[in-house]
Each structure stands twice: as C-alpha cells, then as structure tokens.
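Chain IDs A, B, C and D follow the sequence of writing; residue 1 opens each chain.
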Amino acid sequence: MSDFEPKVVAFVCNWCTYAGADLTGTSRIKYASNVKIIRFPCTGRIDFMLLLKAFANGADGIIVSGCHPNDCHYTSGNFHAKRRWIMFKELMDFMGIDMNRITFSWVSAAEGARWADVVNSTVTRIRELGPYVSYKELVNKSVEEEVKND
Amino acid sequence: METTRKLIRKQSLEKLYAHLSGSRKIYAPVTAANKQVDYKYNPPYAEVASDHIRSTLSVKNIVFPKVENLFLFTNNRTESTITDIELFKIPEVVLWGAHPCDTAAFDVLRSIFCWDTKDEFFSQRVEKLTVIGFACHKSDDYCFCTSTGLSPDSSKGSDILLSRLQNGDYVADIITEKGNAILDSCPGLFEAAPDEKPVITEVKVKFSHEQVTAKLANAFEHPFWIENSLRCIGCGACAYVCPTCACFDIQDETKGKNGKRYRSWDSCGFGLFTLHTSGHNPRQVQSQRWRQRIMHKFSYMPDRNESLGCVGCGRCSSGCPVDMNISEQLEALQNI
Amino acid sequence: MARIGVFVCHCGENISATVDCGKVAETIGKLKHVALSTEYKYMCSDPGQTLIKEAIKEHNLTGVVVSACSPRMHEPTFRKACAEGGLNPFLCEMANLREHCSWVHEKNELTTEKAIDIVRTQVEKVKLNSALQPIKVPVTKTAMVIGGGIAGIQSALDIANCGHKVIMIERSPSIGGHMSQLSETFPTLDCSQCILTPRMVEVAQHPNITLYTYAEVESVEGFIGNFKVKVRKKAKSLDEKACTGCGLCTTKCPQKKIPNEFEQGMGMRPAIYVPFPQAVPNRPVIDKEHCTYYLKGKCKICEIVCPTKAIRFDQPDEILELEIGAIVVATGFDIKHADFFPEYGYGRYKDIIDGLQFERLASASGPTSGAILRPSDGKVPKNIVFIACAGSRDPAKGIAYCSKICCMYTAKHAMLYKHKVHEGKAHVFYMDIRSGGKNYDEFVRRAIEEDHVNYIRGRVSTIFERDGKLFVKGVDTLLGAMPVEIEADMVVLATAGVANSGAEDLAQKLHVSYDSHKFFAEAHPKLKPVETNTAGIFLAGACQNPKDIPDSVSQASGAAVKVAALFSQSELTREPLVAVVNRTSPPLYSTCVACGMCKPVCPYQAIELEEFKARDGRVVKKAARINEGLCQGCGTCVAVCRSKSIDLLGYSNNQVYAEVVALLNDY
Amino acid sequence: MTNLINRAKELLENGTVKVVIGYEAGPTGLARPAFITDPAKAGKLIYDDRCVQNLAVYLTKAEVKNLGKMAIVSTLPVMRSIMMLISEHQVMGDNIVVLGISTEKELLDIADIGVMKGYIEKCDLRNPEKDRETLAMLNALTPAERFAWWQKEMEKCIKCYACRQACPMCYCIRCTVEVNQPQWIPVQANPHGSTEWHILRAMHLAGRCISCGECGRACPVGIPCHLLTMQLADQVNNYFHVHAGTSDNMTSVLSTYEPNDKESFII
C-alpha cells in the first residue's frame, strides 16, 4: 500500500478555485501531484453524475471546489451547488458510498495556499483510505461473468 | 430418440443433483426471503425450490444473458484491434427445475436467434446446456400454457423431464441423447418406472391461439388496442420477465482506448424503442406498442417463424405493476 | 477525422525545469487523432504563435491544444493566433502545465506523467469542441437614466453628447436631486445650485434628452440592447404644453400648510406647487393627497385663476412603453431621519435637526434665506453641536458601514455656521475624521485651525434638556475618555446615508441584485464597479452606496462611457459560450418537457418557456428557450436539467465527460 | 363507494369530465386502474385496500389526455402528485376534477386546488410507517453494511424501468438513461449500471418525491427502490423544511436556495 498513488480529480470553478490554484502556482507553493483539475465555469455547472463517472473511471478521491458563498461570479451558482451536494451526500451516505473520498470546499482566487492545503489534506486522507476498491469492483463486475464464472 | 421412462426416488434426486454439480454448473431455482423465486448458480440442494409455480424471471438468461459482451476492442493511433469473445469457454450448465413453459421457450428463442444466420452466442450456450425439466404439479390463474399448445407436463425443451408422484418420488422421462448421457453416467440412481400417473396440475384452456392468430390478421386498426392499453405505463417488465422476448440493444462502452461492444435486453414497450434518428417515431403511443407486443407473439411469429411467440407462463401478467393480464386480453381478442 | 495539433511550451524554463516537455510532446504525439505534437521555448512569443498559424495550414488542423500557462493568462492570445491561422478560435484549448503542474510540483516522473494527463485531457476535449460564432445582438441606441440627481444628470448629458438618445425618468416633479438642496459644497464652498442649475437646464434643452418627471418605472423586460420598459407618468393634473409656469396658481392655492419636502419640512408649500424656484421643468403639479378639490370635491381655484386654462383635474396616469438599449440607475440615496435616534431626543426637542435640514437653513434660497436660526424660536444659536456618525458605523443600529460624506459635510456645516455666526461656538463630536480626497483634509484642518471649530473625538450618549437648554453628553476619548457635557442651542445630526425608498422594489423590477442594506450591487467590487450583474444595466451615484458629488459625477461619466461603448456598435458581440436547449424536428420539437426547473436557477432571467403551435393555433408543445443575449454561461441550468435537454457550449456534457474519462484512463 | 360511483356517474353524465380515472377489480382479484368514459359503467369503480397504485401517472399520458377532461380518484399521494405536476407545468389545475379519498376511504369534497391544499396540509406528510421502520433500520447500519445491502438489491435489477414508468414525477419524454452523447448511465443491467441508475433516479426525485412508494411496488424483481427517494424526502424536510406536493406552486428544492442553507461538510 505504501506505493499507492491515489488518483484524485478536482472539479473546480473557473473564477475562484481555478484562479486560486493559478495563484498557488504563481506563489510556487508545492502540493501533491496526484490531483488533476477539470475546469468548469461555475460549481453550479458540475453535474453530480460527473462525480460518479470519476469514481467509475478509477478515481480514488474527488475534490469539488468553487467560490465562497456570496462570491459566485454568477451570484448564485455555488448556492445551488451547495444544495445539490447536500442531497447528493445524503443519498451517497444512505447507499454506503464512501463520502470520505470527496472533499467539498470553497477556495477563493486569493487562497493559493489554502488550495495547496485542500489538495494535500485530501491526498493524505485518500492515501490512508487506500484505493477505492469497492467502487472499482462494482464497475468491473459484469453479469456475464456470473454466467461464465470460471 | 424414443422416450424412456424411469423412476427416480426422492433421495436419489439429491444424489443426482450432487452428481451433476460435480462435473458442471447447475442453474436452479431458490426461494428468497421475500418469497420470490430466482434462479442461482450452484445453490446447495437444500435451498433448491421445487414447489413454486413460477420464478420471477424466466430462465432465458442462461442462453440469452441480460448483458452479453460481443467483442472487445482497442483503438490505437492508426488502427483498431478487435478481440473476439472465446465462446468455447462458455461452461457446461445444467438447468435444473425449469417448468415446461420455460423449457419450451428455448425453441421459440431458437426460431428467433437462428432463423437465418445462426447466433453464435445463443447457439453455443444452448449447446452447452442440459435441461432437467420439472412438470408442474401446481398452477394459478395466470398460467395458460394449455392455450398456447403446451401442457404442464410437456417435455418440449427438456432433456430429462421429471414428474412428481404422489409419494414425492419422480418419474423421469429421458427425452434426448443429452438426457440419456446423464442416465448412463449414473444408472444406479434410476429405477424401473412404476405404472402410476404423476401428479400434474390442471391448466384451463382460456382461448384458442389459432383463433387469436386468425383474428389478429385483421385487427391492426381495432379500437381494442387503445381501450385495453390505457393503463399500460410502458415499462419493460413484461418483456424482461418473458421467456421468449428476444429484443436486445447493442452498445459500445469505452474507457480510454479500450472498449467493448455488448448487447443487453430491450423492450418494445419503451417509448423510444422505435425512435428514428430523424425524430420520427413509428410507434408514438403506448397502444401501438402494446399491439406490437401481442401481434408479434401471436401473429407475426406464427407467420414468419412458424412458432407461437408465447408459452403461456403468465409472468408478464403476474409481474405487471398495473395488471395488464395478457390471457384476459387474448380471450377477449378471439371474440372481437 | 480530427487532426489535433499540440504545442508544448517550455515557458523559458518555467515548465521545462520540472516537466520533461520532450517526453510530453512525444507521448501525446502517439495518441489517435493527434496530427502534430511539438515543443517550443516560448509559445506566446511571435515565432511561437507563427508556429501555430503555420501548423494549422500545413497539417490542416481541426483543433489546437497549447500546453503552456493558465488559460486565464493566455487563452485570448492563442485563440486569436488560431483565428489568424484560419482556425475557429473556439477550437483552441489550453492545457495548464505551468500554474497547475510545473510550478507546484517537484521535478520527477510523476510530474511529467501528470503533465501528459493534463494535455491528453485537453486533446480529448478539443476533439469535441465546435466552431462557435460570436453572438450578435441588435442594440437599440436609446438609454434610460433613472433618477434626475447630479449622477443621473451627468450620465444623461454625457450619453446625449455622444449623440445617443436618452430618456430620463425622475419620480419627483423636478430634477436636481439632493444636490439642489445643498447650500454650499465641500471643499470649495461654492454654491451648489449655482453649479447645478445650468446642468439641469442643459438636460431640459438637450435635443437628445427626453425628460419625464413625476414618472416611475413600472416594469422592465428584455435584455441588454433590447429592454422594454414601461414607465408610469403620474398625472400632474396639468397640461404642460399650455402652462407657462407663471406661478399664479401656486400663490392662489388656499391650501398652504403642507410641509415642504424640498425644505426638509422646514417650510410650507401649497397643494399645487413647484418644488423650488429653479425647478426643471418649471411647471407646477397638484399634490392629490392634499388638494382640497381631490379631497373634498370642490375648490378649483387654480383652474379659475389659470390664465392659459392649463389645469386638468381629470388627467389620468399615462403608461409609456419604451424601447431601451441600456439603463443607468441613478436613484440616489436618502438619509436616516432624526427620528431614528430617540436617544438624542429627536421629536421632543425641536432644535435637533439633521444635516439636510441644516443645508436648507444655510441656503440663501432656504426658509430663513440663509440665516442660521434655530427652529424652536427663530433665534440665532450661540452654541451649536454637530454629531458626526449618527447611525453610521453602528452595527447596533443595523448600519455597519461608513456613510462616507458626513465627515466632510459636518466640517462644511461647522464652517458655514462660523462664517455666519462669528461669535458662535461650534463643536463636533466625531469617531474618526475620514477626509480622503483632493483638498479634503486641508478643508477639515481649515475648519479646526482657521474657523476654530471644536473637534471632540468621542461619541454622544445622550442629549437632554435642562432649564430650556439642550445638553449634549459624551466622552472625549483623546482626554482619556473624560466625560464631556456641552450646552447647546442647536444640535445637527450627520445621520447615516441609506438606500432610497423604493430601491428594493426597483431592483427587483430591473432584476439587479442589491445588498443587505438595499443598495444596488455592482457586478464586481473592484473591476466592475459601474456594471450590475444584469448586462446593460449600469449604476451611477449614491444608489450604490453613499458618495460625494465628485465620486457620483465620476461614476456617472463612467456609466455613460459604458453605455456609449455599448451603443458604438449597431450589434452587440458576445462570447458564444452560452447554454442552449435542444431542438428537434416535430412532433418532438425538443426533449425538454418544460418542467421549469431551470428557470429559477438562472441568475439572469435568461430562460423562458417557448410555445410551439400547430397550424390551428393550438399549443402542442412547450419547451425552455435560452436568450443568448442574457445568458452568461454559468451552466447551472445544465446541471439541473433532468432530461439533459440543455447543454453549455464550450463546456458541453460531452466535453466535460470526455475530460473525466481522459484524465483517468490509459490511452 | 356508492358516493364515489354516484359522483363519477354524475360528472360523466353532465359532461363535466370525459373520463374518470379510478380503480376496478381485475380477473385475478387485484385492483387495477380503470378509465371510465361511459356513465353506465361507473359501477365498476371500487375503492378499498387493494387500490394502491398512484393514478397520477396517467395525468401526463398522451392517450389518456386525448380522452378529454379527467376526474381522478385521489388518495393523499395522488393529490400530492397533482400538486407537483401543476407546479411543474405538466397538468393544468382547472383541467382536472379531483375525487379525493380520505384515509377513512370516504369521498372528500375537493372543490378546487385550494381546498385540496388545505386538506393536504392537515395530513401526515411523512413517509409511510413501515417504510420509516426500514429506513431507520438501514440508517442504523454502518456505511459498509449499507453498501452491501444495496448492492445485493442492485444485482437483481433488470433495468426494465418499471420504477420510472410507475412514478408520476418521471414524465420526461427522454430520460437521462436514454442519452448516449455522452452515455451517462451504463446501459447494461450490471451492478454498476443499476447502481448509477438508481442514484440518478433518486437525485432527480429529490424534493419531488411524494412518498407514494409506487416505484418499489412496481419493481418486478422486488427492489425496494422507493426507500432511496423516501430517504431523500426525509432529508429534504430535514434540511429545507419542505414536503413535496403541498402546493401548486412549488419550486423544487434543487432549483432554489437560501443563502444560509446549513451543511457541515464543505470546508
């Protein structure tokens, strides 16, 4: 497990967290390279299905991050996203899908150092949790194998 | 081959099960906690159900799985490579405990899958399959095998058909060479058959399928379809539990450069089943889809495949969330 | 078949020091559909851009991925380069190898692998990009200015002087706003009306400006360049064309005891009145709430005396429907009235007034003709106390902000007083003196040093009356919180500036956001201080927050430039990254079922339900439609659409999905 | 029951409605939806414990709508469904006559939507009791146990979409599962495809599910998928203090927000 390099996907909004991550770069603050960023105009744009797609394609952890409440470039996208995540988290918990593998955060364009912290703490946590075996198994389990089953 | 009748005692039946499971996989019905009966691979004999009327799903899954990979592929920079499914790896399976309606359905499926080009996947699975059917000693209002030309003790599709005697022993009709091979592999478990008649349930004849087929030839525009399908909600339950429904959807699923093409069950009851790319949908409303379902089984198939598309198992009716009772509708249809 | 060109930038050594750019280019070059994968030291340099332009032609590229710095830095640069190379600019994407990779990771294999993943993700995305054309929206070159104070006047004149039509709406009978009430202005002490009234007249006479006073906005629909505004022109009970403004009616009106709004209640006016002598337009209106005829059904003296028979008692309100291209909101502010401060005894003591009342007292055209006389007995106050920060910066009062103008006008008031009552004593209680601004601090110093105004740093706890005299009790914090008690003949409260009445209502009509204090909200506090979150609606003056005259005027000119820029083209060009609801052939029309989930999530009211009709006129289908003129491309509607009938150009479902897959899988 | 039959007959006879949607007894003794267009056949209508299906699903069905103005036998879940359908512009409130049935199986006098609103407000809007018990049982498990529990159910799924088709709120003409650009949900009925389908369905019903339990009842293989949407119905009320289907002007909880919505997991 020691050489386990978690795959973490970050879904971030263009105006705050993406810009914040840019600032982390311009400030030359180092963080774990396991995280790869996908840019969205707004957290309001992030479909909950994309999070499942990330797990289905082998992600061990996910970060979802956008503007702090009241700072949304589009005024309200992050508020809508917040409600969506509240419901999503409740459903995932109820189905036993591991929500410790998802970090939801607000990181502003000025919080370059904080972005590094969010990434590093997420990667550390996912490292401890290990690969997301149960979701990977779920994805690879094909009904046909049941028929073959040898 | 000529059918031979043997006796197999209750205790020997368990031994036969153990004997068969030693060499191959057994697909047998099991009663779940919620009283539903589902087929499972290699269940312990003690769990195998023998008193049920019908399982929730038919046994078609064994020859026509709900999802089946057709091939795997890899998209490289300049060319794509295709990897075939190794059909020879499909294991030998014994289907245990299927009722005559379900076993008869294999012939119907064959008439669909192999009417012109032989479907390799289906054929291979059928070839690897040995069927030990159980004649029905119980039935209910949904059953109508006798209206589709079958009977509760029909041996159609079985390699060995077991029928229960009053005392719980069974008579075994050895129908095919495959059945004979089983008999030969464990002759000690079989005895000479008594003269006694097995317990067979009585299934009332509800309609004449010939008459239904005749009526359907001119019933395409009949108001019957709208009136009788208003409550149909357009789910695929009837098609998916049906032992003879064979429609499938083909999909490609890729991850990165690797992918697979597979087929999975589909249903003509779905609104988008017939949607064209142009946006046109020849079956726009549910009555047209309901008509298609009945027409296909009772008119088109007798015409084209010379086989009725229904075996009268009654699952479509018992599984329907809105009680679309097919035998009731067919009864009505023969009188329109 | 896609032919993607990938250009890996070293950014000097900024990227190449930690990322093996050669390996990135080589690995990406092996991907399907990648026609060219190359590296270069500075992609953004001229030779770098030329490389892209030539490659587009040479390899007939269908998409370009520039793997360099943040797209927030150079996306416009490279999109422009692509356009110059003959490729639609929206077929260019950037992979962020610098800010998100080389600068934040150590030099090792994992970092290079991550770089490859980042580039591959953009390659997969760009394959699904579509060539987009900028959106053109027609522009109605008529601006509406709401509010006729100094900000509105400045904006209207600037826009009109650029050659565009302006419609000005003012809800009171005259333009001029608060500035017309002021006596002198800081820091120059020039007469407010003297500098304002020429501007007011200019508005009235400007050929490009149409002025509607006594009028309010009824409703606003549409979007930038294409607003449809309904304006209610309240009945003035007057034929304005017939009226000559002789004023005879106002002198003959028997009802004369109505508190004069312009004088802040310190004078009286008749029921038919002109708010002040220099009013524009200089025409009276009948105040229906106080007019004897409207109240009791008889009188009509004004009608009788009017030499031109201009009075129209049965005149109805008129609704104007106007086509407007841009709107400047300049509705100004109000002040907290002194009754907000029971601790200071307002109401009980007549000689406690607010700042605007003091302006009227000091004004030559005011109720006392400029003499500082206290309201109770008309005597000249010998001791006067000014309390700055009455309400402002006081979270307990619900106003946490600084009203900004009070420090300066309090200093001005104290000076004006001293200039008029030489022997009088002026005291100022203050929290801090905020006198940032050209010549502002000098002005305050003059009050203290030349006019000997007594500045006391401390807050006033209470004002009470003893033996017919007011006593102001506070502390002097500079003297170690020593209690101070000052006998005063008159007290002036520099009360907090607050949002104007009706601001919330108007903001809702305009679909513009407002803050918790009901001030209009700017689109960005730093970089878009004039814009609102609704495109085509701009802010000027104190409707945004309390401002002094120079700030209001500057912002008003700023807003005017925004409008003029918008009007400089007959069509508006917008980035086409907008949401789209799908359309298919009938009878489906769209997979949208018009559930309306998307409508309330749109911050820009860009979504409406479109009806599809059969030949007989029956509505056979409804589906959402997005107004591309209003959509800003946030994509929140896309994520809430259950049937996936909405998609966002540039961040389509297909694109973001491909990104997720590409980021996590082997190729 | 006589009241119901008489009322249905009257509505059909005087032409107020063209069809009465109610229940009749089928040949196997099950109650099933019935569409009465002929007043002489109103006598077929029944209302008893067997009548469990949520009839509101038919309000959006094209061929039922084609019959003309409808009256619909409505228990509480049906009434709540109607409220949601009006809120989401799928049904016009003045286009249907509600034949309300009280919990005591008495015919209610629902003159208009306002009256119906008043009635709904007085009802217990929580999930049905036996489902509350199952939910409590599941919520008491560890996440890993819950995962295993649900996976066992998901393995049964055949993707027949009876859950979707039986739900009055699933009226989309094209469901997300039918979108293949991109293919959001794997088409195959394997545990992965089925799990994601059920997540999607539950999320799309968040704040819209009126706890009728029809999806679970319709499932031919017995997956209690209604527990997913009911759990979210509970949470919607817990977080946002809303019960779905209580007014004809509901904004979905996921289409709106309060700036001070409480959560504890966003850092």
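Quick note on the criterion: a contact is a pair of C-beta atoms (placed from the backbone, for glycine too) under 8 Å apart; a residue touches a chain by one contact, two chains touch by 3 or more.
Note that the coordinates shown come from a computational prediction; the quantities given were computed from them, not determined experimentally.
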Contact tally winner between B-D and B-C is B-D
Taking mean CA positions as centres, which chain lies farthest from chain A? B
Distance between chain A and chain B based on Cα centroids, please, to the nearest Å. 45
From the C-alpha centre of chain A to that of chain D, how far is it in Å? 33
For chain B and chain C, what's the span in angstrom between their mean Cα positions? 71
Tell me, which residues of chain A touch at least two other chains? 48, 53, 57, 76, 80, 84, 142-143
Listing for chain C: what residues touch at least two other chains? 588, 601, 640, 653, 657, 661, 665
Multi-partner residues of chain B (each touching 2 or more other chains): 66-67, 255, 262, 284
Of all residues in chain B, those that touch chain C in their complex: 75-78, 254-258, 278-281, 284
With touch defined as at the start, can you tell me which chain C residues reach chain B in the complex? 30-32, 34, 584-588, 661-662, 665-667
Of all residues in chain C, those that touch chain A in their complex: 70-73, 96, 98-101, 103-106, 110-111, 114, 117-118, 121, 513, 533, 577, 601, 603, 632-636, 638-640, 648, 651, 653, 656-657, 659-661, 663-665
Within their complex, chain D touches chain B through residues 26-28, 30-35, 53, 57-58, 61-64, 156, 158-162, 164-166, 173-174, 178, 180, 183, 186-190, 214, 217-222
Interface with chain C, chain D side, in the complex: residues 88-90, 171-176, 179, 181-182, 184, 204, 251-252, 254-256
